[in-house]
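Across the two complexes that follow, subunit A remains constant while its partner is subunit B and subsequently subunit C.
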Partner chain A sequence: MNDMAVQASHLSKSFGPKRVIDDLSFEVSRGDVIGVLGKNGAGKTTLLELMLGFTPPSGGAVSVFGHASGQLPGGVKSRVGFVPQQDELLDQLSVADQLKVIASFYGAWDANLIERLCAEWRLDPKARIKSMSVGERQKLSILLAFGHRPDLLVLDEPVASLDPMARRQFLEQLVDASADGQRAIIFSSHIVSDIERLANRIWILKDGRLDWHGDLDSLKESVVRLHIRGAAQVLAGLSVPGALSQRHEGAFATVVVRDWTPARQHSIEESAAVEVEVESLGLEEIFLELHR
Partner chain B sequence: MSTVARLVYSYFMCTPMTRALTLGGLALYVFSLYVMASWPQSEHMLAFAAAGQIALFLGSAMMPLMFGRIAQSKAMVLLPHGRLKLLFSALITVAIIAAPAGLVTPFAYVAGNSGKFSDLSKYPQLRDFTVNLGLVIYTSSCILAGWLYVAMWFLSSQRNMAGLAKGLLVIVFTLFLPAREIRELSGTIAWNLQALAVVWTIFGAGFLCWPRLRMVRAWWRLPDLLGTQTSARRTSGREVDLILGTRNPWLMIAALTLPLVIASRIGTGVPAVWLFFLTIFSTVTGAIAGQAAERSRALWLRRDWSRAEIFLQAERSFWRHNSVVLGVLLALMVMIGSYSGLPLNLLAAGIPLLVLGTVLSTYLGFMITRGIRWPEASLGIAIMLALMAIPLLLEAGNANLAVVCAIEGCLAVLAFILRSIARRRWEQIDWSQCRPAKVLSTRQA
Partner chain C sequence: MFVLKPQSGVPIYRQIRDQVRRLVASGQLAPGAELPSVRDLAVRHAVNPMTVSKAYSLLEAEGLLERNRGRPMTVASQARNSSHLSKRLQQVQPLVEQTVLAAKQLELSETDLLKSVRQNWENGDE
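After this line comes the complex of A and B, so read on.
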């Protein structure tokens, strides 16, 4: 059994002349909880759909549990759960019927888990889907992806329409799902705090490329804000390699840099005769700085 | 006023295809005037005007969809006089669409009688008669266009059995009655104006009052008469059909029944026209295959099927569904046809015609894996015209059965070609290109 949930090599995807995904290579292992961040149109949905074989790549390759994503065998498919950005529910059914229909596709279906979650998330099994709110539909879509206890869970903006209570319950469920370290979870979201709370690895997509990928702590150590104190003339001409943004006022300057290492602090202090104080940033600030 | 103008402009010019059809339609109309003025009299001299009218109408095909979307949008509540402006834009579009037919009529009449355009200024009586005729045609076209837009809106926006039934009903009702008025030249301007006034007043009042009516409807929610609500218990073992939307062919049959009965009631007196309607019905049964590609997306991660196998399963599922509908349609055709004493050759040619209608539309639907683009749209129009030509050929007194058989043979070959194209497309289907563009019928809690 291949322990690598997803492997991609030089993956690219174009729609006509527009290159949406550009030469991505990555691996996702069991136990990874990956948060995918990116602006609208950065290629998050396309990347997730490429992984699962909904759309064929224009170049490179991607595999799920060792099988090319375009030709996934049934055994592999039953190990994957997916929550699409736009739900694929059948309006004419009730919640219970929709769950039964989808359960029928899988050999193993954890009815107890789904029943419990239905109660916790206040989903009425008798409710007609066409009369449900967007948030309720989203909850149901998430349940459909959980029921067969997949080894790889891919969620495309799963919390966009959930209220804070439902979001918290969903995140707790994801924490439960990932607790045994046997599952890989990949989820995209615009809610940076959720990703910060849950993900142990971060992918930041920018213009179809992985602008940054790695664990959250490394990212926070890598992108920092420097508060620099020194002579005004020195600060005016100061050039810090990897600077994302820079402001200076008199004897003070503030610079946000990427690829930061503690060794660089001494180098800047010695070469420019300034004092440098390093401030860690939150994920949201890092994301904003990387997209300036 | 600028809002209304902008809306009308958008209806005709919003996509490259509608722009091309609109401008092409106008060009064909202008060319038809040249043909009438300079070519010798012929029964085909109105062909360019007819083609222009079809192109112009198709060019405005986005109107019902855009109208519906805007009318249902939340923004409509906030826009000042939004519903009134939207209503006016629809009225003006209908008036524009019908205008060329009315304008060309006086010239067509003169040319059709081997006269010259200058005769219109020479002979006041001729001018008055042709202008009157033009107004009759214009007002009849307004009625016809208005109803056709309603039918298109039902068919394109609702995309369910109820929408299908409503659309077909409107098509049968409207294609027949005004067409008969025009053909027999018995319509009068007064009658047409009264009909227009009544229809538009009712529609306009209903449209403007809809926000209030909707609240009343919410209290008096009608039960689901067509039985579109489903339970998993009843569909156990047919989950794939449920996902593909082919679970219950009887819904389709129920949707077809009323238009079919009306068509039979009116149409058996004119056998070819009746067969013409049955042909339309047979294509509708296959047309739901147009949603197959986007619906099949839900199967990809849930079944041990490759893309090619998903196509075969979808094909099997649709044929299970369509063969029942087609069977009922054929049975009704033979029963009603025999009872009404329709010519045997018409019934004999009708059987393969209905089969072809279903087969071709099904595979054309399967071909739609990336939305409807130029090839699918033009192929669809060409197939419909070819299918509709057969009843008209059969109506002609000296109907050449060999020609009819040859056309049906060609269409059968075309069906095989379409299937092979559809299968090839499904083998490389990109579901990110055929996401459902559905409007969620959700109610915010």
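After this line comes the complex of A and C, so read on.
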């Protein structure tokens, strides 16, 4: 069995003259929970759709469990779950009927899990889909992607319409799904705090390229804000490699740097005769700083 | 048992590790005490399970926790004994440094700061 859930090499996608995904290479292993962050138009949805073979690449290749995404055999498709940004529910059906339709596609369907989640998430099986709120539709879309207990779960903005309670329940369910380390989960969201809880790896997409990818922990340790104290003329001429933003005022300077390592503190302090204090940043601030 | 702040700049695994260290050093987690399972802790706080297990593994490597087949992790029997005064002091060191720095920036005297520390200490006993 191929343990690599997704593999991409030099993956590109253009729409007309616009290059939306630009030469991405990456791997996703079982056990990974990947949070995809990016501004609107950064290419998140296109990237997820390329991985699942919904749209062909313009260059490079991407595969799921060792099979090219464009031609996934049925056996591989049944190991994948997807929650699209725009739901694909059938308006005329009830919740129960929609679940039945989807369940019939799969050999293995965990009816007990779905029944339990329907109750916990307060989804009425008898409700007509056309009369449901956007949030309820989103919950149902998520259930549809969960029921066959996929080995690869891809979610495109799954929580945008959920209230905080429902979002928390959804997050707990994702944690539960990831706890055995056998699944790979990839989800994009603008809700940075959700990604911060759940993801162990982060992809930051910027103009179709991976501006940063790696462990969330390393990201937090490598992008920091430095508070520097020293002589004003020293600070005015201070140049810190990897600086994302820099401000100074008299005897104080603040610099946000990437590629930080604790060892750099002493080298800055000694080379410039200044005092450096390191402040760690939350993911949202890091995201903003990387987009300055 | 834990106060986890995912939005903090301190990675979650370090928050867990530091809190376990402190709870063990202070004896609030006694040798043999059971820790919540990785899954329970992760679901309860809605955080990534691998992060929790990373913290537990680091604590195990430090000798603070013991892994038991089929049972929750427990505080190692030697844990408390091995944490001498100097080691426990080490754990408040970063907080002390921060406080001293803040006090200097505010141009407080050593006496002012110590007085405030003493007051807080006494309030904490009530």
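Descriptive notes on the structure:
By definition in this document, the second predicted complex is superposed on the first by the 292 of 292 C-alpha atoms of A that agree within 3 Å, B and C clash if a C-alpha of one lies under 4 Å from a C-alpha of the other, contacts with A are read in each partner's own complex, and residues count from 1 in each chain.
The definition used in the following text is that contacts are C-beta pairs under 8 Å (C-beta built on N, C-alpha and C of every residue); 3 or more make two chains touch, one makes a residue touch a chain.
All values derive from a computational prediction rather than experimental measurement.
In this overlay on subunit A, subunit B fits alongside subunit C without clashing.
By the touch criterion defined above, A:105 lies against subunit B but remains apart from subunit C after alignment on the C-alpha atoms of chain A.
Within the superposed three-chain arrangement, the count of touched residues of subunit A is higher for B, of the candidates subunit B and subunit C. Legend: residue contacts after superposition of the two complexes on their common chain; A:279 is shown touching subunit C, with no touch to subunit B.
Looking at the shared chain after the overlay, A:220 reaches subunit C, while subunit B stays out of its contact range. Residue contacts after overlaying the shared chain place A:27 against neither subunit B nor subunit C.
Using the contact criterion defined above for the overlaid structures, shared-chain residue A:53 touches subunit B, although it does not reach subunit C.
Legend: residue contacts after superposition of the two complexes on their common chain; A:120 is shown touching neither subunit B nor subunit C. Using the contact criterion defined above for the overlaid structures, shared-chain residue A:259 touches neither subunit B nor subunit C, since it reaches no partner.
Across the superposed structures, the minimum distance from subunit B to subunit C, using CA atoms, reads 27 Å.
When the two complexes are superposed on chain A, none of the residues of subunit A touches both subunit B and subunit C. Of all residues in subunit B, those touching subunit A in their complex are 228-233, 235-236, 239, 242-243, 297-298, 300-307, 428, 430-433, 435-436, 438, 440-445. Listed in rising order, the residues of subunit C touching subunit A in the complex are 6-14, 38-39, 42-43, 45-51, 54, 101.
Those residues of subunit A lying in contact with subunit C across their complex are 31, 33, 168, 171-172, 175-176, 178-179, 181, 193, 196-200, 216-217, 220-221, 224, 277, 279-285. Here subunit A touches subunit B in the complex through residues 15, 45-46, 49, 52-56, 70-75, 77, 80, 82, 86, 88, 90-94, 96-98, 100-102, 104-106, 128, 130-137, going by the rule given at the top.
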